[in-house]
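So the structure is just underneath, and the comments pick up after that.
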Amino acid sequence: MAILSVESLSKSFGGVQALQDVTFCVETGHICGLIGPNGAGKTTLFNLITGFYAPDSGAVHYRGRTLQGLPSHRIVGLGITRTFQNVELFSSMSVLGNVMVGRHVRTRCGFFRAILKTRGARAEEAETRNAALELIRFAGLKGDPEAPAADLPFGWQRLLEIARALASEPSLLLLDEPAAGLNAVETAALGDLITKIRDRGVTVLLVEHDMSLTMRVSDRVVVLDQGRLLAQGAPREIQSDPEVMAAYLGRPKEAGNA
Amino acid sequence: MEFLQYLFSGITSGAIYAVIAVGFSMLYSATDLINFAHGEFVMLGALCLVTMKAIGMPLPIAFLNAVLIVGLIGLIFERLAIRPVKRPQPIVLVIITVGASIFFRGMAMILWGKDTYSVPPFSDHPPIIISGAALLPQSLWILFIVLAVVACLYLFYQKTLTGKAMQACAISKKAAWLMGIPAKWMVSLSFLLSAAMGAVAGVIIAPITMCSYDMGTMLGLKGFCAAMLGGLGSLWGALLGGFLLGILEAMGVGFFSSSIKDAIAFLLLLFILYVRPGGIIGAVQAKRF
Amino acid sequence: MKKMSIKTVLLSATLCFTISLLILPRAWAESTWKIGGIFAVTGPASFLGDPEKKSMEMIVETINKNGGIDGRPLEAVIYDTEADPTKAVMAVSKLINRDKVMAIIGPSTTPTSLAVIPGAQRAGIPLISCAAGNGITQPIKPWIFKTAQSDIHAVAAIYNHMKKIGHTKVGIITVSNAFGESGKEQLESQAPDFGITVVRAENFGAKDTDMTAQLTKIRGEKPDAIVCWGTNPGPAVVSRNARQLNIDIPLYQSHGVASPKFIDLAGEAAEGILLPTGKILVADLLPDDDPQKPVLKTYIRQFQEKYNSPVSGFGGYAYDGVRILADAIKGTGGDLAKIREKIESTRDHVGVSGTFNFSPEDHNGLDPSAFVMVRIENGTWKLVE
Amino acid sequence: MSGLGGLSVRFRQSGFSVKIPSFLGPSLPYLLFAGAIALVGLWVENFYYLQVLTFIGINTLVALGLNMLMGYAGQISLGHAAFFGIGAYSTAILTVHYGFSPWIGLAGAISIAGLVALVVGLPTLKLSGYYLGMGTLGFGMIVHILFREWTSMTGGASGFVGIPPLSVGNYTFYSPTAYFSLVWGTVLIGVIICRRIIDSRIGRALRSVHDSEAAARAMGIDTHMLKLQVFVLSALFASVAGFLYAHFVTFISPGTFDFLTSVRMVTMVVIGGMASIWGALLGAALLTLLPDWLHTFSEFEMVVYGLILMVVMILLPQGLTRGILDLWEKSKGEDIDIKGESDGDSFR
């Protein structure tokens, strides 16, 4: 059953038509790659799903519920979290602190419980701490969790951001170009992590330029070009689809002229 | 007849708010900053005029000197207090400019002492009486001078290269910097101009408001409310906002009670902030987030 | 988040100790009569505090020059309250508990005086305020006195003068601070006693720059006269606005502007303005048999010699306060209760602000005679019969 | 690392750690702080110093609340003297006009201030940067005018006289030592409240909003509601401080709650250090003692005041506490990470 279905979604900023009548759906438990040349509307689609922008027309359904008009913090509550193209960590906090913030939607301790330091609050705090530590190990982050997040090398900061997103126990995780700026070793590790995440039952929507990574991990791939849906299917089909090649590499000149 | 008198008194105080509001909007349109110490530049302009006239300088030279001195002070203030800030978030700049306003007030108290000075009006023919209501000639002086100055600023922004460069800086300093515009100098220049504008305001309102070291605070706040009312960043908006505020206050006193006079300005400010931060003219897309 | 660096622990401990060590008690000498002074030397009421501080220092100097009191010199410890009640309370407590003064002169404004009264009462220290507010000495508080002419007498002087000329309808415009409120209260409560009705009451902000709207409203009620109650620069603006609106009915001002600065600010709009004032402004016009004349002459001469700046009536409040206190200290050896007794029983003390007759029911000791009505004519004050 | 069993305290840089039994661990600073209060309370009998320390305590309370709002949630308020005033006038009106006991006055002060903060906060906290500064300033001005003009209730500009002193049963907090301990006891409770909030889920959410509002929203934090809650919390702190001030001085006037007081409150937080509780204490102490140190040349107080605000904000944006700690670490040869980027890209 499709966990996320996007129906004829359109969005324009002033004169620019960022998305035009895009329809596709993501199966539960799948890794769905979303590719397309720069300016294809991938990040706009991202922001529409997470409620940062409101669409001009069309709708996004998540588990049958429409996400229309929901503030972004309620959408996260429903189980959709995202990471950012350029890493947005909480610089004043430690690695552990960042991941514990991820647990925010899953915990309930408010001002009063915090002030009174009730048994429930203390238990919840300890449980949050342990869950965060477990996620840090799951993401493969070594070293001192108390170290400031800003001191981590860039590759690890990406992993930390994913660990933080996982902390809210999402059922749909949106990754916005997680491999950008990573070297080959880090990209491979990232690929393994993404498959491990899928094996935990989390559906992943992956926006990525690194073709080898996307084709390796994705179950299905959706291609966008100039705001329109170009093609969708299994990685192998997409790789050989002439339309996709044209969108990326441009039409081959008629044979004969050099 | 009373309505006309309220209108005239509204125009008098409106002219004062307008000429201060222009200083706020001018700086905002050129640097995207709001200078909470602008009221003190107005005060410094007025007190410099008092000193100049005490030395016996004729009015025009005194006017020019006051504007130059305060403009210089504005430049030095930007150079020492605004530029060195590493990460200029709004919260940091608000505190710095508020600190500056207290600092300038303290210095003025030491230099000019604590009592009030009066300055003779520019021309001393009697008030103009129109069907029983009296209008001060000085407020007409203010009107003409402020219109002239705004016209010059307008031309400066639209027609001269430096003017355009300054506006480019406000929109995006990085882009301007890439285009070879000395962005840092543009900010200093706009502070100099804004301080000079404040001095002009101080000099022309001094005959009406009389000047003392602590006149700047309330006038500065009212000037800011006027600038917001008209639309922060637009010079014509500042004029409109200033006169509107002055007239509304006078009507408020006239038809309700004089105790709510000050409250009107701030209630309007809150209304504008909540409902329409762009102000009446909405010239500049106000940043709310 | 469990971690807590040892630094914050040490910081918190040292922090509390340094604060308390910072303000260690300083040793103090026993050989002088130590009296305290708190005035609003800076801030919005500096036109009151500044002359008061100067006058106190001057009179203490003169007393010490001719032998001090019972052979011991007088020592004045003066603090600035900036007309801020919190600072005034702290200053009084510093005077009482650290400097161990035996009496206090000041503060200059009504709100600061009301703020410090409980502290002085509890400590049993005589306090002579220089503010005019009626709440200071009404209801009577044993240790609290006042040397400033009360608003009651000033309003009485104005209304007496109006009654003589036959004005019955008056419009009032008062500044929105403590001085203005106390004046408005008196203007409204005393009007019936003189057969006068207040037809319109308006107010203005201390820093306002244009009062034409208020004056127009008052003119609409067609009063016989207008009373403006405030302190500079507001009343000067009101006088100019009245001239601009060519309001020809007489304009009265309060004793709050009884200083040459008002004439300088109002310019030619001051012509013809009437106001009650202490005799200090018209000292040389006084008939020679007026008991206050010699006291005023010496005060004015000494002040101008020492500070070469024009004299203001407000300085007189502190001057009188110190002289009354000095007379009271004589022969009591510093027993505060005796000093309080002697202040309360001071009779016919001729001072700058008037002739003081204290009594257990009157801790201000002045009567309407402390005020004389003057009119401003071509730039100077002229006595009005 | 450090489970609940034992608590190891570790220097951030030099790895030195000492084992402290856990039940004592988290409350060690409080015990030390409470001990310091008790010691100072007993040792200092001179009323003046007790009074100064009491005023420092009252200012610290306000600084603690404002520190949560400005330091942790990154929202500026130039009108907090209004809540300080609301607290003072509510208890004054309730106790004098309606004859309630001061403790009903306290409840009144807290609920009225909380309500006003909620009503004002909802629209204001949607603003940011300059507009938030101006919005709070406008609000503070209006409340100040209300105190001055509503003569029948607030006694107008000449102030409100005769506020009864605080009393529990038949024991009245008359003596300065009693009031000193009452105020500093409240400050201790305030510090514990702040500490607990900061170390809790709410504290993390607050700091995340300060670091990057976009990321915080992506983590499901309702940033607007959170800012509003902290705004109300800081208003409550200020109103309790106003309550204590009113019953200590037994006289209040509008002048004490004007724009300059709001600026002084902001200065306390700024000097102490934007996100540190002990910094708020340091800032409050310095600002309260400043007039005392400067009294000989009181003319210069305003100049020094303005300079402090500017210099601290330019050179030590994180405030004196962090500044001193960094200098202390630098003197020990530690390498501290200087956060400011190079001059080149300091443009917004």
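Each chain gets a letter, A, B, C and D, in the order it is written, and its residues are counted from 1.
Everything below uses one rule, namely that contacts are C-beta pairs under 8 Å (C-beta built on N, C-alpha and C of every residue); 3 or more make two chains touch, one makes a residue touch a chain.
Remember, it's a predicted structure, so these values are computed and weren't measured experimentally.
K.L.:
Would you mind naming the chains that touch chain B and likewise touch chain D?
P.N.:
Joint contacts, listed by label: C.
K.L.:
Would you mind checking which chain's C-alpha centre is most distant from the centre of chain D?
P.N.:
A
K.L.:
Check C-D against B-C and say which one is joined by more contacting C-beta pairs.
P.N.:
Spelling it out, more C-beta pairs touch across C-D than across the other pair.
K.L.:
Measuring from CA centroids, which chain ends up nearest the centre of the complete protein set?
P.N.:
Central by C-alpha mean position: chain D.
K.L.:
Per the centroid of Cα atoms for each chain, what is the distance between chain A and chain B, given in Å?
P.N.:
49
K.L.:
How many angstrom lie between the CA centroids of chain B and chain C, rounded to a whole number?
P.N.:
Roughly 36 Å separates the two chain centres.
K.L.:
Measuring from the mean C-alpha position of chain A to the mean C-alpha position of chain C, what distance in angstrom results?
P.N.:
Using C-alpha averages as centres, the distance is 72 Å.
K.L.:
If a residue has to touch 2 or more other chains to count, which residues of chain C qualify?
P.N.:
If we look for residues of chain C contacting two or more partner chains, we find 1, 3, 42, 176.
K.L.:
Pull out every residue in chain B that's touching 2 or more other chains.
P.N.:
109, 259, 262
K.L.:
Give me the residue numbers in chain A that touch at least two other chains, ranges are fine.
P.N.:
Residues 97, 100, 125, 146 of chain A touch two or more partner chains.
K.L.:
Sort out for me which residues of chain C touch chain B in the complex.
P.N.:
These residues of chain C touch chain B: 42, 44, 46-47, 50, 176, 202-205, 207-210, 212-214, 216-217, 220, 232-233, 236-237, 244-246, 261, 264-265, 267.
K.L.:
Name, in rising order, each residue of chain A that touches chain D in their complex.
P.N.:
50, 52, 71-73, 76-77, 81-82, 84, 88-93, 97, 100-105, 107, 109-111, 113-115, 117, 121, 124-126, 128, 144-146, 148, 150-151, 164-165, 168
K.L.:
State the interface residues of chain D toward chain C in the complex, per the touch definition above.
P.N.:
Against chain C, chain D makes touches at 2, 7, 9-12, 18, 25-26, 28-29, 32-33, 36-37, 40, 43-44, 46-49, 51-53, 55-56, 148-149, 151, 156-159, 161, 199, 203-204, 245, 249-253, 255-256, 278, 281-282, 285, 289, 291-292, 295, 298-299, 301-302, 321, 325, 328.
K.L.:
Report the residues of chain B in contact with chain C in the complex, numbered from low to high.
P.N.:
Those residues of chain B that touch chain C are 2, 5-6, 8-10, 12-13, 16, 109, 114-116, 118, 120, 127, 129, 134, 136, 205, 208-210, 212, 214-215, 218-219, 250, 253-254, 258-259, 261-262.
K.L.:
In the complex of these two chains, what residues of chain D are touching chain B?
P.N.:
Per the touch definition, chain D meets chain B at residues 70, 74, 76, 78, 123-124, 126-131, 133-135, 137-139, 141-142, 145-146, 149, 213, 259, 263, 266-267, 270, 299-310, 313-315, 317, 340-341, 345-348.
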